[in-house]
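Following this message is one structure expressed as structure tokens.
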Amino acid sequence: LVKYFDRSDARKMLKERKYDGYKNYYGVDLLVAGSAQYKGAALLATKGAVASGAGIVHLSSAKEVVDIMPLYLPEAISEIRPGSYSREMLKKFDAICIGPGMGLDMDAYHCFIDVIENSTCPLIIDADGLTILSNNLELLDRQQRPIILTPHLGEFKRLCDFSGDDQLTEVAINFAKEHHCILVLKGPHTLVTDGKHSYKNASGNKAMAVGGMGDTLAGMMTAFLGGHYQAIEAAILAVYIHGFTGDLIARDHYTVLPEELSKMIPHAMSLIGQK
Amino acid sequence: LVKYFDRSDARKMLKERKYDGYKNYYGVDLLVAGSAQYKGAALLATKGAVASGAGIVHLSSAKEVVDIMPLYLPEAISEIRPGSYSREMLKKFDAICIGPGMGLDMDAYHCFIDVIENSTCPLIIDADGLTILSNNLELLDRQQRPIILTPHLGEFKRLCDFSGDDQLTEVAINFAKEHHCILVLKGPHTLVTDGKHSYKNASGNKAMAVGGMGDTLAGMMTAFLGGHYQAIEAAILAVYIHGFTGDLIARDHYTVLPEELSKMIPHAMSLIGQK
Amino acid sequence: LVKYFDRSDARKMLKERKYDGYKNYYGVDLLVAGSAQYKGAALLATKGAVASGAGIVHLSSAKEVVDIMPLYLPEAISEIRPGSYSREMLKKFDAICIGPGMGLDMDAYHCFIDVIENSTCPLIIDADGLTILSNNLELLDRQQRPIILTPHLGEFKRLCDFSGDDQLTEVAINFAKEHHCILVLKGPHTLVTDGKHSYKNASGNKAMAVGGMGDTLAGMMTAFLGGHYQAIEAAILAVYIHGFTGDLIARDHYTVLPEELSKMIPHAMSLIGQK
Amino acid sequence: LVKYFDRSDARKMLKERKYDGYKNYYGVDLLVAGSAQYKGAALLATKGAVASGAGIVHLSSAKEVVDIMPLYLPEAISEIRPGSYSREMLKKFDAICIGPGMGLDMDAYHCFIDVIENSTCPLIIDADGLTILSNNLELLDRQQRPIILTPHLGEFKRLCDFSGDDQLTEVAINFAKEHHCILVLKGPHTLVTDGKHSYKNASGNKAMAVGGMGDTLAGMMTAFLGGHYQAIEAAILAVYIHGFTGDLIARDHYTVLPEELSKMIPHAMSLIGQK
């Protein structure tokens, strides 16, 4: 059974911020994103995370991205991707997202393996991370922690031997069950499933089909994942709020740009939170 | 006969976005624009394209532009202009625009020839591209696809041996007929003609006479050309919406800056689309 | 006799834009401003000019400024300051402003002399340009064109042997008369005088006493000077509109930042122009 | 006795700007902030100072920060941190803030000692400056001028041998008394004390627990400290206005980003100033 997840569901799930919350309480998160070639994806993902209420957001990226990030978002802390990630370096994070715009070269591959093997916190794998994963799917089976995958249809087809789309929902649910992960299958009415519980998103609209939207979503999800939500809650809440924010903008805009969507997130979350 | 193209014409022509549209559906477009000397033109053209609803916008430009584009518009994908463009590199695009701020040096010239000869999708030639074309007008005659030229009066005079402006409209229509192209002759009441059908634009105003306006227009036109419009529709629709957006701003602004115009495009298109 | 210049005076002086105005009609202007050390001044002055309706604004500056200008203001065209300026290079401009943030080193000095000697269009000398001029005041006497000087009190004291401020207005009027220039003596109720006609500005407020305000004003004045106004009209109109725009903002802001003021100029000019 | 400091207290304390105030009147301030690694902190602190009405704000920072500052805030003047600071270099400043994002390496340490020993104006020590100070607390005892320390709880624990938080307020008051400084102990209801007078801040909210908020506050406080307020007034006024501005935003935003807070400061101060 797949449940539609709507505004009243989001309102119930969204937590009020604690009165005496210090910034670390709201999550110290890491995005491994961006590359010399794809800089914008890292910027958009990081803004998605900061706008959604993450306490502190670290970005690990190419020098070209690190150089410009402060101008785009002075609130984030960005560092050049190290040659390798140790357990020590990764243990301080409450959530990690790997993949947006990170590229597919050998460095990206090694970085991906490193982060998967040396981190223990909840993890989101997105975009190029999914492409790397699709050739190394066995990595999922050794995981003891929540893992969220966020493919669109094309990426999902690379993850499993799937053709035709009549029974897409069933295939997706089975994939999540088999690989012990949370699958976020992006598209109109994005599906979120952990194999047992499944949701279809009631928000979102056609004006949002623009490059960069997925990067923003990945950042938002990271903020929730590091901010005291269960992994499946973080997944469906991010998907819903992303679409809801786009719906607000699309009321009087023919297209919704990711950058504009990010700016509207704090207000959209305030609307959702109103009892 | 030249028809005035007004808001009701634009409303009929502007398509609703498809419910299940994926971003690629709305066009994968290429702008060949900007140079070390003229960086701003590339930024403005790219923002015009993204704001008008293009699915994915690629910019091919000088390193100096590529370095800064993510800060200006993280949604775009920018790449340094290669030494040459192969058919393989260009075949994925739904529309190409070449010219804004690209300069007139030998590199620009070779790049222009390369793109004309190795691409097959609908093409817009603007600004410096028109100056290069004016010395190589025979290139137009070998084209099997829609070509849009967007000269202002000075650039048009370089394209054809024209002096005096009493019969400007007739000369323009004949030029389009002879060279099998769509001509967008920019000025007050911009003319759009393919030699058979001709339109004069009813929108636009005197507050828009500012450097950079043409770059924004070229980007907008590229988005429509790659987004399931006929070439002449893309041309007149871009011209109309560009002017209409400027009219909205000019209601309470003495001047209209291209940057501000781009920000207003999604809202302006929403207004036009309201039945 | 000194006349107060107020909103009704500005309304009468401000010209409607011509219906068929091409961008060049509204002026091709040059700002010689900024240096490796003082980058912000060049940015603010250029934005002041573009926002006030200049057709095309060129900035001649240090590489460090040229590199970042497109991100700040893609509408402007910026070029690295050449070793020397020839008559040929300068003859296309309708107005030039020299001085904001240009520094006081030997390069700045040579650049200043070059521009003074090889340009013939109306000229504004501001900030560091005034400091250089104060040691070379004889340069003024050879000028056959309108020259506007824009000192604040400290800079004015360097221009003439003046101490005490009881008869400041008289001293200023005599200075303008003697040196055949237009003097804009900045302060509360800025004085504009050509020695014959003198105005005190009725707009402006205490929230505008912030670094960078003078740079914005210099840019605005350049736009009017290149846009079909007499030099003294350009001076007093820029001063009035600068103050008027600041007054609009100060209604509900404790401080007025130059950047915010520039954004508001097109709207402020629209308000002034309403008959 | 600790007094709650609320809107009516802020209204009484906030000074109207003088009619004939020149920009220098409102303070020439120096921020020693930022490093190659932590660039954003310097940007946010500088914007906090400029937005709060400082006359001229200088930033002394790493080259990486100086390069980008004009794009972020053209009103500020930024210079690369010199090898050492002389008395001569520092004597022109009305207030100095040292610490945000400056790092903890040997260069930062030497810079810190230099600035403490060679400046004589009122001084704020924040963030990394506090960490350096905690190993050199004797530096405080030689000071003849107002010093403000702005630790959060974790930083305060490094400054004194304190564990448990039952009597936190008392410990803080005693610390200020013993070290002849003004202590701003940040948290919910931030405490400001000089050992004799103590205030708890009535403004601020849970949506403000985001990285970078402290940097904005440090900049704001610098503006007041250099702008004709007593040191304890500057401290409590900055804390109150920072929280009040955040409260305005949090009315309809789930999170408050420092960047957005800075933009709102001039309006918030205008509201507070209304009699």
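The chains carry the letters A, B, C and D, assigned in the order they are written, with residues numbered from 1 in each.
We adopt the following convention: contacts are C-beta pairs under 8 Å (C-beta built on N, C-alpha and C of every residue); 3 or more make two chains touch, one makes a residue touch a chain.
Note that the structure is predicted; figures quoted are calculated from it, not measured.
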item: For chain C and chain D, chains touching each; value: none
item: Minimum number of chain-to-chain contact steps, chain B to chain D; value: 2
item: Label of the chain whose CA centroid is most distant from the centroid of chain A; value: C
item: Proportion of interface numbers common to chain A and chain B (over half same, under half different); value: different
item: Chain B and chain C: spacing of chain centres that average the CA atoms, whole Å; value: 35
item: Rounded Å distance between chain A and chain C, as computed from the means of their C-alpha atoms; value: 49
item: Residues of chain A engaged with two or more neighbouring chains; value: 68, 71
item: Set of all touching chain pairs, with the criterion as stated earlier; value: A-B, A-D, B-C, C-D
item: Partner chain A, residues of chain B touching it in the complex; value: 16-23, 25-26, 50-57, 67-71, 73-77, 79, 265-267, 269-271, 273
item: Chain B-facing residues of chain A, complex; value: 37-41, 43-44, 64-65, 68, 71-72, 152-153, 187-188, 206-207, 209-213, 252-260
